[in-house]
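Before anything else, here is the set of structures, which you'll find just below.
In the two complexes that follow, chain A is the common piece, with chain B as its partner first and chain C second.
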Partner chain A sequence: MIGVPAGERGQGVPRVEMQFDLPHRQHEPRGELGVRYRIEGCEGETIRAVEHSVLWYTEGKGEEDLGVHFFQRIADRGLLPPTATSGAFSTPLPQSPLSYEGVIVKVRWCVRVRIFFEGGRDFVSEHVFTLGRIPPGRPPGPQPAAEVRR
Partner chain B sequence: MTNPFATRFTRPGVLASRDAGGEPVDVDGMLRRFDGLGGAAVIVGPHGSGKSTLLAHLAAAIERRGGPVARHRVRGWRDVPPLWGTLWRTPPGGVLCVDSWECLRPPARVLVRLAARLRGCRLLVTAHQPVGVPVLARCRPSLPLLHALVAELLGRAEACGGAEAVERAAIGPADIAAAFRNHGGDLRESLYELYDRFEASGQGPGVGGPVLTGMTIVPAAGGKFTNTTPVFLPQAHQTAS
Partner chain C sequence: MRLPRFFAKKRGHRQTGSREWGVVGDGLFHGTLLAAGLFFGGLLVTGVAAPEWRINHEFRPARGTILAKGLARTTVADPPAAVITNWRPCLLVRYEAQGRLQEAWSQGSAVENTPDREVARRRLDAWALGAEIPCWYDPASPRTVVLRRGYNWWLWLLSLLLPGALVLIGGSGLVRGLRSWGKSEERLAASAGLGELLDPLAQPALAAPGFPAVPTWDDLVNSPGTILRHRLPIESPENWTLVGFGLFALLWNAVVVVLAVGAGLDLLGGRIDWWLFALLVPFLAVGIGGVVLFVRSLVLATAIGPTQLEISDHPLLPGGRYEVLLAQGGTGTFQSLELTLELEEQATFRQGTDTRTEHLVVRRHPVAGFRDVAAPPHSRFEARTVVEIPPDAMHSFTSAHNAVRWRLVVRGTAQKWPAFSRVFPVVVFPPAGEMAPACPAGVAAGERTVAEGSVP
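This part shows the complex of A and B:
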């Protein structure tokens, strides 16, 4: 779970408690991702909308990339209690790209919950999970003697 | 483990804009200077000196005060048509921010300036050398500036739960000085070298630990993203080993 302050206007800092259906947040390609969350710490503020997204992004040196796999916006006031809310959503996961912890580039998947408050400010909470089981890359080191060629 | 020197934490607009002494730039004051310069101004400096970062902060400040801003990064002549489109979409009274203005050929620069003037838009550009418009700021890379940037990056990482990883990585003044020297003062390349050093220190793949995220959080004027606040995820990012 992360909590990221959205502004410096005196409001409380919201917190999103995220619970994944699978332990260790380890998911398989074409599997089902299911999460439940609870928003806390925004008493006294009215939530205007909540956005759910599941996406991947790259992290490393050079250009960045990302892809949004799932997006859902809830703006129905009937579904948005004035001071607190909770929710759940699920989506089938794709076959790729798989999570990868490389040296130059890393591929990460995450669930984001973005909360929009009346008055304009918003807040984003991001929760990383793993898709697939690619072994991590290793920084280059000395080559084994058998592979050294003259 | 997230590498705090990854592009998503160092790209223009994420780090604070700082002067050669490493002190934060007074962006609002600079914006007032820009207002007094008329229709166009340039931020001048060599590669990797912080021009794009300053431009991003100025653009964000203009947006915060409600001014329309359009951004465009030029890489070559192929970017002229999209730049033209961006200019056409910039409303009168808006500011067109163009990164790497020198990549445009002189006739294209003249045309864009003329078109901007006719549309009632202002131009704020970056270039390596003065380009015939008033100079708003000169960016100069320096070792104290790199130290300040690294301190900001590592400080964020520590504050968000990555203190142990940062300590293990042990990026010290000697590493920073070596990176600065190896790249002739290019701050961007220096940060890339520190990325490599961080990976080589064993903080990289397979180590696990907190994952630093680069979410863009808005103190919400106009509902637009204006600032990026990286935080560490306390959740261990496990990968197969």
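This part shows the complex of A and C:
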């Protein structure tokens, strides 16, 4: 789990406990992804909205690209903490792109829960899972150095 | 109120700029462009377009008599130490406006100005003293009279194009900034539509229907093969290099010709401009170098015969076996000819103000190899083989700045010529249980089944 705190002095750092339906977080294409989460540590602060998303992003040498597969925004006061401190959502997964650990390109899938507080700050909690079973890519034996084209 | 931080943490130890400050800076930049567009547009509309429109729509027609004529001179300072003088024909006209006789010098537009006094004088000669001519006067100011109506379309175009472009770029950037303010990147990415319209360059490449981030393959199957189903298109960066060399040689030598003609005319006139000659020599040397480089690239690209690859099916599936026909044209003997299946990663990133793209081959599978082959007379060397896509293969992937591409590569060495390589991109789909491999099982990958041509 990667939590990105707002980093404000004097304010608590929220914590999002995420539970996947498949504990090993290894999902198959066109399978169903289901998660339940619990928000803790934001006592004394008013939550304005919560966003759920399932997305892939690229990592590596290139600029980051992002593709959102599932997105849901909850801004209804009755469904937000402190009334409800936990939530769940599910979505069928697509056929592609599959998770990939390349050398200069990596494709990662994750579930994000983003919490928006009154006053403007937000907190995002990211939970990576794997889609498909692609082995990591690595350069084959002796080969010329990476070629750079401008 | 909390001010956003200048830096925010991305992942790992990389520090990235604050998104909020980025939006503020972007908004300021585009707001400035929008304001500049509106300002200059306003200046052009009120200074050029509106007066011209009034002359054509509100000025009243009259008949006037030319009483006197002369040249109006306009002097404009041209720093540091010069002035530009413009001349315009000007007529004193008597005409009847609103029941009263008026006498006034005619007004003219800036486009009638010429820096050549003789040209202005010749234009003036076209008007005869005492002649009766049509004229148009301003009903709001009857002493303002013009002798010509119509539109200067290039001025209208200028007043629309330049400020219009500034308003369009600034306005769309500002709307994009305002639209993204306070929204998460997931929400922005999820709400497509307007974003694609406002920032088309940042959109990902076209994806195959039902397969997000898998590139389309339409361009790869629109050419039928002679023996197998599809002829794969060749991806040849060398051809673009050739076009680049050609364009450079053409443009550079055009400049050289202009300089040479100038120098030649000087010589014919009995003058020698040593500075021009000194400039011409290095320019000529670079021009000749450009032509030599282009001709050399052209010879290298055309001397070795064309390479063709045909494949039995497309797109490809992991674990699938596909028949491939390799055809190599050209005379002489090829010391080696190899066909490999490669997986290449491609990442585009910014380095300072440059945009760079890095390519790295991360998988390479030999498919077939031939030694000392030669095409039969008036024919080509042909070999049929089978390529197997690894069952655990990553599918082809493409996004705005990253890609994972599969390709078939033919590498060869021809006698008396440098080694060459030709790339044929293919698209590999994610594994799908219900889709059967295209080729009958039992044929090992890389196995050479048929080779037509001589293999000594």
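Keep in mind that, in the parts below, the second predicted complex is superposed on the first by the 133 of 150 C-alpha atoms of A that agree within 3 Å, B and C clash if a C-alpha of one lies under 4 Å from a C-alpha of the other, contacts with A are read in each partner's own complex, and residues count from 1 in each chain.
Criterion: a residue touches a chain if its C-beta (ideal position, glycine included) is under 8 Å from a C-beta of that chain, and two chains touch if they have at least 3 such contacts.
Since the model is a prediction, treat every value here as computed from it, not as a measurement.
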Next on the checklist: After the overlay on chain A, what do you see for chain B versus chain C, clash or fit?
Outcome noted: clash
Next on the checklist: For A:38 in the superposed arrangement: first (chain B), second (chain C), both or neither?
Outcome noted: neither
Next on the checklist: Going by the contact rule set out at the top, does A:130 touch chain B (first), chain C (second), both, or neither?
Outcome noted: first
Checklist entry - Is A:138 touching the first partner chain B, the second partner chain C, both, or neither of them? => result both
Next on the checklist: Looking at A:65, would you say it contacts chain B, chain C, both, or neither? Reply first, second, both or neither.
Outcome noted: second
Next on the checklist: A:120 in the overlay: touching chain B, chain C, both, or neither? Say first, second, both or neither.
Outcome noted: both
Next on the checklist: Between chain B and chain C, whom does A:15 touch in the aligned arrangement: first, second, both, or neither?
Outcome noted: neither
Item to check | chain B and chain C footprints on chain A, overlapping residues | outcome: 2, 4, 7-8, 59-64, 102-103, 112, 119-122, 124, 133-135, 137-139
Item to check | Interface residues, chain B side, partner chain A - complex | outcome: 2-3, 6-8, 11, 192, 195-196, 199-200, 204-206, 211, 213-223, 229, 231-235, 237-241
Next on the checklist: Touching residues of chain C toward chain A in the complex: what are they?
Outcome noted: 1-2, 5, 9-11, 182, 184-187, 189-190, 204, 210-214, 237, 343, 345-350, 354-364, 392-395, 397, 399-404, 429-432
Checklist entry - Within the complex, which stretch of chain A touches chain B? => result 1-9, 24-26, 57, 59-64, 99, 101-103, 106, 108, 110, 112, 116, 119-124, 126-128, 130, 133-139
Item to check | List of chain A residues in touch with chain C within their complex | outcome: 2, 4, 7-8, 29, 51, 53, 55-56, 58-69, 71, 73, 94-98, 100, 102-105, 107, 112, 114, 119-122, 124, 132-135, 137-141, 143, 146-150
